[in-house]
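What follows is chain A paired twice: with chain B in the first complex and chain C in the second.
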Partner chain A sequence: MLSWLVDPWTWGAWMWRGMLSVTLVAVACAVLGVFLYLRRMSLVADALAHVALPGIVAAFLISGSLSAPVMLFGAALTGLLATVGIETLSRRPNIRPDAAIGIVFTAMFAAGVILLSTRVQDAHIDTHCLLFGDVLGVSDRSIWLLAFVTPLVLVLVAVFYRWLSASSFDPGFAKSLGIPVAAVHYGLMTAVSLTTVASFEAVGAILVIALIIVPAATAHRLSDRLHLMLAFAVAHGVVSATVGMYVAIWIDSSAAGAIVVTGGLIYAAVFLFGPRHGLVFSPGRHCGQGLGPEASSINALEG
Partner chain B sequence: MNAIVAIDTSIYAQRAAEFFSFRYAFALEALGASILVGAICALVGTFLVLRGMSLIGDATGHATLPGVCVAFLLVGAKSMGALLAGALVSALAAALLIGVISRGPRTRPDAAIGIVLSVFFGFGIVLLSYIQNSPTGAQSGLGGFLFGNAAGISRDQLIALLATSLGLGALVGVFYRPLKLTVFDEGFARSIGIPTSLVQMALLSALAVCVVISIQAVGVVLVAAMLIIPPSAALFLSKRLGHVLLFAMLVGAVSGALGAFLSYMAEGVATGPAMVLVAAALFLGALFFGPRGGVVPSWVRRASSARAIAARRGG
Partner chain C sequence: MSEAVLCVTDLTVYYGDELALDSVGFSLTGGKLIGVVGPNGAGKSTMIKAIVGSILPNRGKVEVFGSTAKRALRRITYVPQRGSVDWDFPVTVRDVVAQGRYAHLGLFRRFTTVDRDLVERSLELVGLVQLAERQIGELSGGQQQRVFLARALAQQGDIYLMDEPFAGVDAATESAIVEVLRSLRDEGKTVLVVHHDLSTLREYFEELVLINRKLIAHGPTDKVFTPDLLQRTYGGKLAVFSNKDTTLVSA
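== the complex of A and B ==
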């Protein structure tokens, strides 16, 4: 009866490798996503994921190699370029921040797509794979990259936990404590760029956004406390990765897409039936009365 | 080496001559469709950008993919009308869902946009891969929707595109005043009796229609760029809404025309990315030299006023 759960694992190494890589991707993305969410920068993740594509392609064209350091360097560079570009544009009075995001990443992404389709006639870069990922055919290089990046992200978050949480909740207060807020900001952006590159081969440029945004949004509906939010986000990421993989195998479809859809369904379930803030099971509580002191301080910061 | 370059340029010259001789109907239709799409996206996009809804356009664009795929699965064959109807339904659903989620107590509007965008697109990718893995779907040509293929637009489709664009343009003309008031001062608009939530709904519907008629030419991934970049460029050129709309449509139309031309000239370049790059180049021009808040004019103004102050102090 449980054969459909066990069988895929016996069909070959690809299941083990695929599951390992999506789990690593999901964990790193979920952790970073919580901090981006708290900073109201979820859509910057959207931008960074898109601009990693021109970074990788340009790095490949210049160096002629697809080794991990080259890819990481290229994507980190375009990520920083995009962050600086978005901030510079937003500072001009007639451009809103959301328009700035939209201008910078679409233009850079378009450049990446054109470079990819004209200059790269090499079997090593597959357009479809870079954009939408290929979990089941993930390469050794990609697994090693993930095995390096995910622990690195976790260690960095653990080491800088206080700085990150203080500057995410209240940048002004953090600055007054002597925390280098700007450095933390750029560090976080670089970490997001590196994670998107490492995730590229497994889930692709566009779907990695879902793995960054949706777990954090789900976790915020379940808890107000940062460490619980992180735990819920990671749990959401790992569960949707696992279930999504099985769904993809059963219906023979894109694994990354199935993972994203599973994550979206979990979010929808929590949105409707969440224990504290769901629309269905918490009558009268979804007007703000049910929020604890911490939540109201978060809401005050949002305003 | 020189010989290769010579051959290359002669091929390009030949292709350019081919394109401008308008001997091939499909090139002409691609050109017309791209110009129309550039202009209509800029028209609708100006209101979105002014209202701070730029990225809702991005989400709506990505969200059309599952609709296209579901329609393909239901109809079975590639009937463009059915595909676009599917796209319209899922674009509208996405726009409504963003509203519902971001009005909820515990999700931030930016995250709501990101959730809808990525989950709809993920669902679209699942369906697309399912279709392409099935025996009938391999040649479905749905892949063209990702980055656009203006050359695939037929004369009938061009006429439908023209009619829809004119309809949208006429609606904007008729409801210009309520739109303008809602965009600039929602509170005031409501106080004088304009149903602003209705205007908002109308704007979202216009966005959905605009995205749907554009995806054949620019693709679902980059349609947002044509909604955001031309209006942002036009905002450096004028203060008056009427002029901004005209400039935005001009920038959009020029990007469409040059984009279609470039994608015809260069092998393997999809129409969407080419249009977006032209628009981005025009935007950079406006950013640096635009009379209203452009980098160079404001620098000149600052320098000359500093000089005037220094002169007055000296005298």
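== the complex of A and C ==
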């Protein structure tokens, strides 16, 4: 009866490898995505995923190698460059921040496309794979990369949790405490760059953006506590990855596409029926807590 | 003269090419409630941010108890404007107040009983114990302002710099906040408050700092709260009606 669940695991190592890589991708993306979302920087993930391309190509041209460290280093470097570029532009009085993001990342991405089409035709850079991923044919290198990057991201977030949360909520106050807010920001951006590069082979440069944004957006509709939001985001990512993999296998579609569509459908369900701000019903606030905000303000004045 | 608690020298800030704060300097002693007064765009917030290290001044020096060391600067507690943060952020009232302890705990030290007691006591002082588990967006404006005050109290600094703590709060909250500020002053703390309501200046503050990009005047309220100096601070935007012993002003 459950053969449709179990069988794919017996068809070969690719199922295990695919599932392992998308899970690792989903976890790292979800955790970083929550902080990007809370900083209203979701679209910066889009930018960073795109500027990794010129980073990887440039690193290859300089070093002649496509080894994992070279790729990570190249992408981290162009990621930081793009972050600095976007901020420098945004700070000018007459430039809108959203336009700044669009200008910087498209220009850098286009430069990458030119380099790729003129200078490195002979290299083994598969543009299609880079953009759309190939979960079922994921390489050993990619799995090792993820096995390194995802735990690294989790450890860094755990270690710098106070700095991340305080500087995301109130950067001015965080600075007054001596928290290096700018360093935290660049650190987060670098982590996003590394994660997108590690995720390329599995889900591609375009759909990785969805795995960063959608889990966080879903989680915020489910909880108003940061640690729970992180847990819900990871759960959303892992569930979408798993369900998406099965869907892809049974309807023979692109795995990354199925994963992202599944994630989008979960978001839609939460949007409609979720406990916080759900459109159809929202029982939590009215029945569960008893007092609305108005009642509580009266309480406070009396207390 | 008692020892200077906070000494600001030649504080200058540019935003791009625009001069926001022009060589402001003053020195404050302990146990005082000090009002910062000036028109919109006078650089009041900029000055506070530069003093607490939230923005980097182009020039100038901030000394706390005679020291410019980073450690000393952390004895300054900053209460930002309420509008400067996203109140939809997924934290509870207690979480925000607990951030006041981060200055002492760094990244790794765990919250001890002492830290937790300070957080609870701060919540009590501002009357938010019952709302401690609420997400901060569920609070009214006045309650949110009290969350920021409680966070500052939990930090246990010696100098409090508050950016418009009375903006958009109701009368009950305003008097509750003033009560807390007075008790801080009575403990010997220095409390600097950006304030807009000229009608309560005399009642709240014993000292005033008048600024309009430059320092216009600094001194005891009796000496500085004069039609002449206010006129110079606000330029033509102020109507001053005065007779022998009262000064009525409206900005």
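We take it that the second predicted complex is superposed on the first by the 280 of 303 C-alpha atoms of A that agree within 3 Å, B and C clash if a C-alpha of one lies under 4 Å from a C-alpha of the other, contacts with A are read in each partner's own complex, and residues count from 1 in each chain.
To be clear about the criterion, a contact is a pair of C-beta atoms (placed from the backbone, for glycine too) under 8 Å apart; a residue touches a chain by one contact, two chains touch by 3 or more.
Remember, predicted model here, so these are calculated numbers, not experimental data.
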First, second, both or neither for A:Ile206, with chain B first and chain C second: first
First, second, both or neither for A:His220, with chain B first and chain C second: both
First (chain B), second (chain C), both or neither touched by A:Pro93: both
Touching partner for A:Ile114 - first (chain B), second (chain C), both, neither: first
Contacts of A:Leu72 with chain B and chain C, given as first, second, both or neither: neither
Chain B versus chain C as contact partner of A:Ser168, first or second or both or neither: second
Residues on chain A lying within both footprints (that of chain B and that of chain C): 40, 92-93, 220
Complex interface listing, chain A residues touching chain B: 37, 40-43, 45-46, 89, 92-96, 98-99, 101-103, 106-107, 109-111, 113-114, 117-118, 131-132, 206-207, 209-210, 213-214, 216-217, 220-221, 248, 251-254, 256-261, 263-264, 267, 271, 277, 279, 286-288, 291, 302
In the complex, chain B residues that touch chain A: 49, 52-55, 57-58, 62, 101, 104-108, 110-115, 117-119, 121-130, 133, 146-147, 221-222, 224-225, 227-229, 232, 235-236, 266-270, 272-274, 276-277, 279-280, 283, 287, 292-293
Partner chain C, residues of chain A touching it in the complex: 38, 40, 92-93, 159-163, 165-166, 168-173, 175-179, 220, 223-226, 228-229, 293, 296-297, 299-301, 303
Touching residues (chain side chain C, partner chain A) in the complex: 16, 49, 52-55, 70, 73-74, 76-78, 80, 84-86, 89-92, 95-96, 99, 102-103, 105, 107, 127-131, 134-135, 137-140, 142-143, 151, 155, 172
